[in-house]
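What follows is a group of structures, each given as structure tokens.
Look for chain A in each of the two complexes below; its partner is chain B in the first and chain C in the second.
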Partner chain A sequence: MKINPALKEELKRYLRNRLQSSNKRVVITSPYLMGDQDLRKIQEKFPFLREAKIITEVDKSLIGGFIIKFGSKMIDLSLRSELQSLKQRIYGIT
Partner chain B sequence: MALLDQYIKEIEKELTIKPKTKMSADEIGEVIEIKDEVITLSGLDNVAYGELIRFDNGVWAMVIDMLPAEVGAIVLGDYLKIKSGDIAKATGNTLSIPVSDDLLGRVVNPLAEPLDKASKIKSVKMNPIEKVAPGVIYRKQVSESLQTGIKSVDALVAIGRGQRELIIGDRGVGKTTIALDTILNQKGQNVVCIYCAIGQKNSKVANTIELLRTHEALPYSIVVSASASDPATMQYLAPYSACAIAEYFMDKGQDVLIVYDDLSKHAWAYRQISLILRRPAGREAYPGDVFYLHSRLLERAARRDEKYGGGSITALPIVETLEGDVSAYIPTNIISITDGQIVLDGDLFNAGMRPAINVGLSVSRVGGAAQAKAMKQVAGKLKLDLAQYRELSAFSQFESDLDPETKKFLNRGAKITQILKQDKHNTYDLASEVAIIWAATKGYLDELTIPQVEEFEKKYLEDLQLRGKSLLKRINEKRILEEKEEQELKKFVTDNLPSPEVTSSIDQHESSDSPKKN
Partner chain C sequence: MENLGIDYKLIIAQLINFAILFFVFQKFMSKPFLHFLKEEKRKEEEKNQMLGKLNAETEKYAQKEKEMAVKQKKEMEAVIKEAKAEAVKLKDEMMAKAQKEAKDILDKTKLQLDEERQQMIREIKEKVADVSTLMVGKALQNYLSDDDQKKITQNILSNLPESSKLE
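On to the complex of A and B.
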């Protein structure tokens, strides 16, 4: 199959863009929808979030706090994980 | 009361510590696939091979496969608790097990968790399960013998401390018995014994533990068990974990004996894991690295130079063959890795030869140098006699047509073969072994019938235990046979030979004996 060279260039550029943005894409999950003010506060604390494209998600099961996900990394500052580690400490799993 | 106080103190301490929000970026992965005990995760872009990952519900897993976009891991523990979509966090550690002297006399699983419902095992340090074997600089020649207490093994395929000697044979011909007898014989020898059961029936492992207990071998032994009902991942880890325990004792300068029972089941477990991970299958569907699987394990058996702390690990891997086929994939691999093999033969076993050691195929490539001098003195003649016997045994059918010389060889060989028989779990000390083999190789038993030889051995050894204690002690300590000892042995032999009325030819034998027998 022959691909039109112009089309190929266009496709390449599109894919490269998407790849780059996915690297900088950050998902912030919180138990309620966050407003701009909340986000700004978080960005102040985490400077690397300033250039990133932020996607917000809502997950009620977090109870409180928030989770920042980028790439395969995760910063977990939610109440749920705190409670979970407390539970584990009580049962002596850790 | 004291316990309650301790609790209160503990709680107070926890309350006074101000909780601080820890902020850390964790490396995470999401479960996308679960196949038996092997899971595939997406994410985890920055983990290392062999790194431990942990699920929120406390289940651990170890990374053993890394593909461009996903990571494969084996679950250590209950994989039924893991659901698709679960999040695992990388820990940055490789798999290590707690080791200490507390392990002695215990039965543990591959993660060093007790299986015997006794007290918790206190750990002194953590030893990594996978460790690179000591290099050439740290090693020393195998120069000290490890007495198995089995006449035929000690005489013909001597095992040295730090050696790796394969025990190979069909099922039910006494492979485990040889290994266990060796463990039983280490009582009071300052050798730590580790029995690693891989993929065995729980009932068999229970029998083994009972055997060790009744023979008072448990206090210096450790049983590491991953039975047939445990996940393949546990069976895969078991020998490495047993070796990690062995290394702890070697690091303390002690001699360790480790039995892997058996490595063919270990290869099966690894094959299962590899096939689930979709690794390309090779011969007999084993993955390409099945050789390395065993070589890196057995290479960890070593005799370390005293300059670097001394100590040794002697490995007795066991491999099961099908219909005596030692040229199958796994047996040939392990034969080429080890320093010799003890081949057990089903036909010999059925013919009543116990232990059923095939003397022709069994070799020990390094142990001879470590053999006690006394044993070397008698074993040389024994080997020669047996070799001649084997060569001529084909003619034994037409005995009447043979010349006297050949008949003599055949006769001697039959008596020696009888002498090498031994009941299971009945180990001999060095002196007893030497005494009975000495009697046979000197030709004192040539005139007896086979049942008489059996009778003689019993009487002779009893007599030695009764009247010749000092002689046995001397041989055990000096580990050499001198003129004086031989004279005394001769006296004991002639005292215990059946009286001339029973064997009419005994006089003739006696007269022809002394000058000529070489």
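On to the complex of A and C.
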């Protein structure tokens, strides 16, 4: 089956735009609602966040710390992930 | 001679009679009877000879039978001896094989038990790790206030290197 070249080009453009917009959109999840001060401090540490559109979310199960999600990438600085890695280390010892 | 009462004619007639009787007896009775007796005697002798031969044959066969019986007995004893040796050998082989199999099964079972024990210990440790981290997580979740959580976040941020960059 041959795809219409115009339709193919349109689809490519749409996906590229979507990828760019998703890269600009950043979700920061924390166990409490983050204020501007916290966000500023995070932006100081992660300069690429200054140009991004930040969305904050709350997830109590993180216990402490935060998670930054952008595009398909994720920076996990939460206590939950620390506990998970501790558990993995205990598994490794056993 | 006539005075003495001897009648020559009568004597001669009697002699002739006797001679005729002798002749007839000799011719028709004595000879066949002797022939019959001779024949019977020959038959008897033949029978005795045959009987002797038969006895000899019987003895010969009896001897042969005895020899064969001895030979068969010897052969049978040899076969039995050989069979016993084979049986002992077979028994030893089977015993050795069974012992080896038993040892293999024992070793395998020991190994399996060891593996299962190790697996069980590993699972217990994993469970302990799971439960411990879960308990710590739940405890922290329940007892940390928003301020504490903020402090933790601050601490994490302060411990990060300056201007972390992600490619």
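One rule holds for everything that comes next: the second predicted complex is superposed on the first by the 72 of 94 C-alpha atoms of A that agree within 3 Å, B and C clash if a C-alpha of one lies under 4 Å from a C-alpha of the other, contacts with A are read in each partner's own complex, and residues count from 1 in each chain.
Everything that follows uses one rule, which is that contacts are C-beta pairs under 8 Å (C-beta built on N, C-alpha and C of every residue); 3 or more make two chains touch, one makes a residue touch a chain.
Keep in mind the model is a prediction, meaning the values are calculated, not measured.
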item: When chain B and chain C are modelled together on chain A, clash or fit; value: fit
item: Chain B versus chain C as contact partner of A:E44, first or second or both or neither; value: second
item: Which superposed partner A:Q84 touches (first chain B, second chain C, both, neither); value: both
item: More chain A residues in contact - chain B or chain C; value: C
item: First (chain B), second (chain C), both or neither touched by A:K60; value: second
item: Touching partner for A:G71 - first (chain B), second (chain C), both, neither; value: first
item: Partner chain in contact with A:P31 - chain B first, chain C second, else both or neither; value: second
item: Minimum Cα separation, chain C to chain B, after superposition on A (Å); value: 5
item: Contacts on chain A seen with chain B and repeated with chain C across the two complexes; value: 73, 75, 77, 84, 94
item: Touch list for chain A against partner chain C, complex; value: 30-32, 34, 38, 41-42, 44-48, 60-61, 63-66, 73, 75, 77, 79-80, 83-84, 86-87, 90-91, 94
item: Chain A to chain B touching residues, read off their complex; value: 69, 71-77, 81, 84, 88, 93-94
item: Contact set on chain B toward chain A in their complex; value: 21, 23-29, 43-46, 56, 58, 87, 89
item: Chain A partner contacts - residues on chain C that touch it in the complex; value: 121-122, 125-126, 128-130, 132-133, 136-137, 140-141, 144, 146, 148-150, 152-154, 156-157, 160, 162-166
